[in-house]
Amino acid sequence: MQTTFTILLDGLSYASYLFIVSVGLTIIFGVMKILNVAHGGFYAWGAYSAAYAIGLAADLGFPDWFGFVLIGLSSMGVGLVLGLLIERLILRRLYDHEEVIIILATFGLFLVLEDLILLVFGVNPYFAYQPMVFLGSVELGGILRDVYSLTLLGLAALVAFACWYALDRTKWGKILTTVIYDREISLAIGINVNAVFVWTFVAGATLGALGGAYISPTLSVAPGIGIDIIVLSFAVVVIGGMGSIPGALIGALMVGILRAVAVHKFPEFELFVIFVVMAAVLMVRPEGLFAPVKARRI
Amino acid sequence: MTGTPVLRVRNLHKSFAGIVAASNINVDVADGEVVGIIGANGAGKTVFVNMITGYLKPTSGSIEFSGREITGIRPRDATRIGVCRSFQISQVFMTMTVLENLLIAVSLAGKERKSLLAPLRSRERIRECEQVMERYKLTEHRDNVTRTLSQGVRKLLDIAMAVVSNPKLLLLDEPTSGVSSDEKFRLMDLVMNALKEQGTAVLFVEHDMEIVQRYVDRILAFYQGEIVCDAPPDVALKDPKVIEYVLGESHGPANDSESALGAGHA
Amino acid sequence: MIRSALSDATIRWTIAGFLVLALVGTLFPNWILNNTMFGLAYGLAVLGLLLLWRTGLVSFGHALYFGMGAYAVALLERYTGATDIVMRLGAAMTVAGGTGFVLGFVLRHYRGIFFAMLSMAFSMVLYGVLVKTEALGSTDGFSVSQTTILGWQPQSKYPLFLAIVGLCVIATTGVQLYLHSALGHLTTSVRDNEIRVEYLGYSVATAIHVKYVISAALAGVAGGVMAMALGQVDPDSMVNWTVSGELVFITIMAGPGSVVAPFIGAITFEFLRTFAFELAPHAWQLIVGGTLLGIIFFMPEGLWSLTRLISRKREKVR
């Protein structure tokens, strides 16, 4: 019973983290039809800049709660700067290329972003534990848990709600839905598709950076942290259906819970099981469990 | 009509999610016969062609080729037994030259699968392709990449690729659509004369009545998925139903937005 | 067969090039010899990816076969003690080619992004198994002892190098002959127009499957060569998705133009990596990533298009 509870809680908090990162990836894919490998770079940049800022603020004597403000600011900063630069300077010129070539270009961008991190932040790991210390820990089901990891659930719910609200209840959302449905017609009826692309990309990049920034207090921020998350969020997005926000939610929950079960019961299957599910979904329902737009098999 | 017909279609029916695209179609085509298929856009002509060549599976009914049941056959098997087709929008290998396109077609038409591992450019194959190019007036384009050629030339190549295997039955889907009007007759003369020499039975979908009248032995007129008239051209074109349902509407050039195979439109 | 192979100018030049490499190799110090062997290993895998690339398919999971080949060599030694080059490469090729044959039944129905993603998922399954299996050394992997050649234990690296060069000659000649056959031409044909291929009476799925198995077997052999040259196997440098990415990168860099290009591309890549690690250890990925973007923007045909540029200029001069 207790293990079940622990697994559930672990699974949910991991799922929340995966969702925050993956939802950015899926939004970008849904609107722009770009499978963005550089998303791992946004994640890493978010983590580094938040960890750096939190460390700096602590040195300057800012209170520990200020870390939360910095997490928000640094993810927005990363999303805005990198998102704008990359969309404007690079992706914009590639839209008429084959989708596989665009994936490769984003892979190139990912490599560039990885090394820029080393050049800017150096090779030593960063620790930004202050926000975690600030929230302390509670006993849940007989186990001491840090409150910070639990707040991930709240943040994920907030992100999910914000996405739903923005897409379903605002004029912007309607425009976005139109562009997702048919790019040509959107152009014809006077929607500024270019602007939609830029801001979608910035929003997606911000969410990727937010995932990295928010998780940074719980781990040592070291070179290469973007490598694993990119394939994990691919798995999430593919399982749920590329381009679908509810799909990203379901995908994240499946991967999160599966991983938690594996970690507690069959540790040797931790990674294996995630990709087996991903492959199985692609084989049975290539368009994913919640396909928004018709996907192509041939 | 003597002996087994090349094509015998019985009670053919096709519907897409409840929408009827073809119903109660019965047709016999004899050896070497040339049959024109006419009808407005969406009358079910291309669906009919697609069912015979295996791109679409009929909902019910049967298709026989030379006495052999071929209902629901796969496209490649249809090709192998001698039912070939051309396309409304020419389907050629755009980044390859005319010669290379034909070489591929000739090598795949060969009966021996083993020879697929031998070099593509063998002397005999090239000679065979040169003869085809000669017959279809493609020689001057021999080493041009097909992407750079005009629609008319691509159409010719498309048809030439379909006939290199000497099919007994050839289906041409709007052979002159997208071809300029002064090229049309030249193209059709070339094609139909070559086919006559080979004794191939031809079914062709066409909007241009001048072309239809000039080449066909018989007309099948489609309306809303059914054949409303099956008669020689002089009879068919005077038939009141044909005049009302087919000729009454504009029979200008085909709608370009139709997909290559017209699979989606009923 | 041999005569028809030698009548092909590309094959003659390839053989000549590899002969020169074999001769110059006698002068190489060990580190250059090693790097060249790594390059040749990558080149073999890229040669397979070139077949898929010409067919219009990009696999983001060929590290699966690369890793399988490497681990096949290592495990063969662990369980049977066999260290002979023929057995090692035979095992690598069989395991990778066999797996490729089985997975090919699924993958041959996929295109574009879905093909890329499913190949990646398959390769990450193997990665997931390897990093978590203590018996296989998990993330550290384990070592492979020196290769024997038909019962003989060479005292230097050169005989192994020579054998690998020979292997590359065979692989390149084979692929070149294949590309010149009718079946081999179905690469471009399938990429250009699948409908037409079907209506010419050939199965597109079969055409893709054949190329997939060849490319898997080549990647397996490549992994086996890597294991022998490196003397060890580990998941992160052989099975992770970044390895698949690197292989695709070299494929794009080399371009689809020629069967020699993969080797030139891969050897260049290996030496660039070595020098970059010496001179600018934190800028290696920056260089690779930047090059990849540059090629996509300016040289869609890869570095090989440079040679065409040169020969075109020469024609103009004439």
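A, B and C label the chains in the order they appear, each numbered from 1.
Rule of thumb we're sticking to: contacts are C-beta pairs under 8 Å (C-beta built on N, C-alpha and C of every residue); 3 or more make two chains touch, one makes a residue touch a chain.
The structure displayed is predicted, hence computed values, not measured ones.
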item: Contact graph of the chains (line, ring, star, complete, other); value: line
item: Reference subunit B; chain at largest CA-centroid distance; value: A
item: Approximate Å spacing (C-alpha centroids) for the pair subunit B, subunit C; value: 43
item: Separation of subunit A from subunit C, taking each centre as the mean of its C-alpha atoms, in whole Å; value: 33
item: Separation of subunit A from subunit B, taking each centre as the mean of its C-alpha atoms, in whole Å; value: 51
item: Multi-chain contact sites of subunit C, meaning residues that touch two or more partners; value: none
item: Contacting residues of subunit C [partner subunit A, same complex]; value: 58, 60, 106, 109-114, 116-118, 120-122, 124-125, 127-129, 131-133, 194, 240-242, 245, 248-249, 252, 282-286, 288-293, 296-297
item: Residues of subunit A defined as touching subunit C within the complex; value: 35, 90, 93-94, 97-101, 103-105, 107-116, 118-119, 123, 227, 231, 234-235, 238, 242, 267-276, 278-279, 282-283, 286, 295-298
item: List of subunit B residues in touch with subunit C within their complex; value: 53, 74-77, 79-80, 84-85, 87, 91-96, 100, 103-105, 107-109, 115-121, 161-162, 165, 260-261
item: Touch list for subunit C against partner subunit B, complex; value: 4, 177-178, 180-186, 188-189, 191-193, 195-203
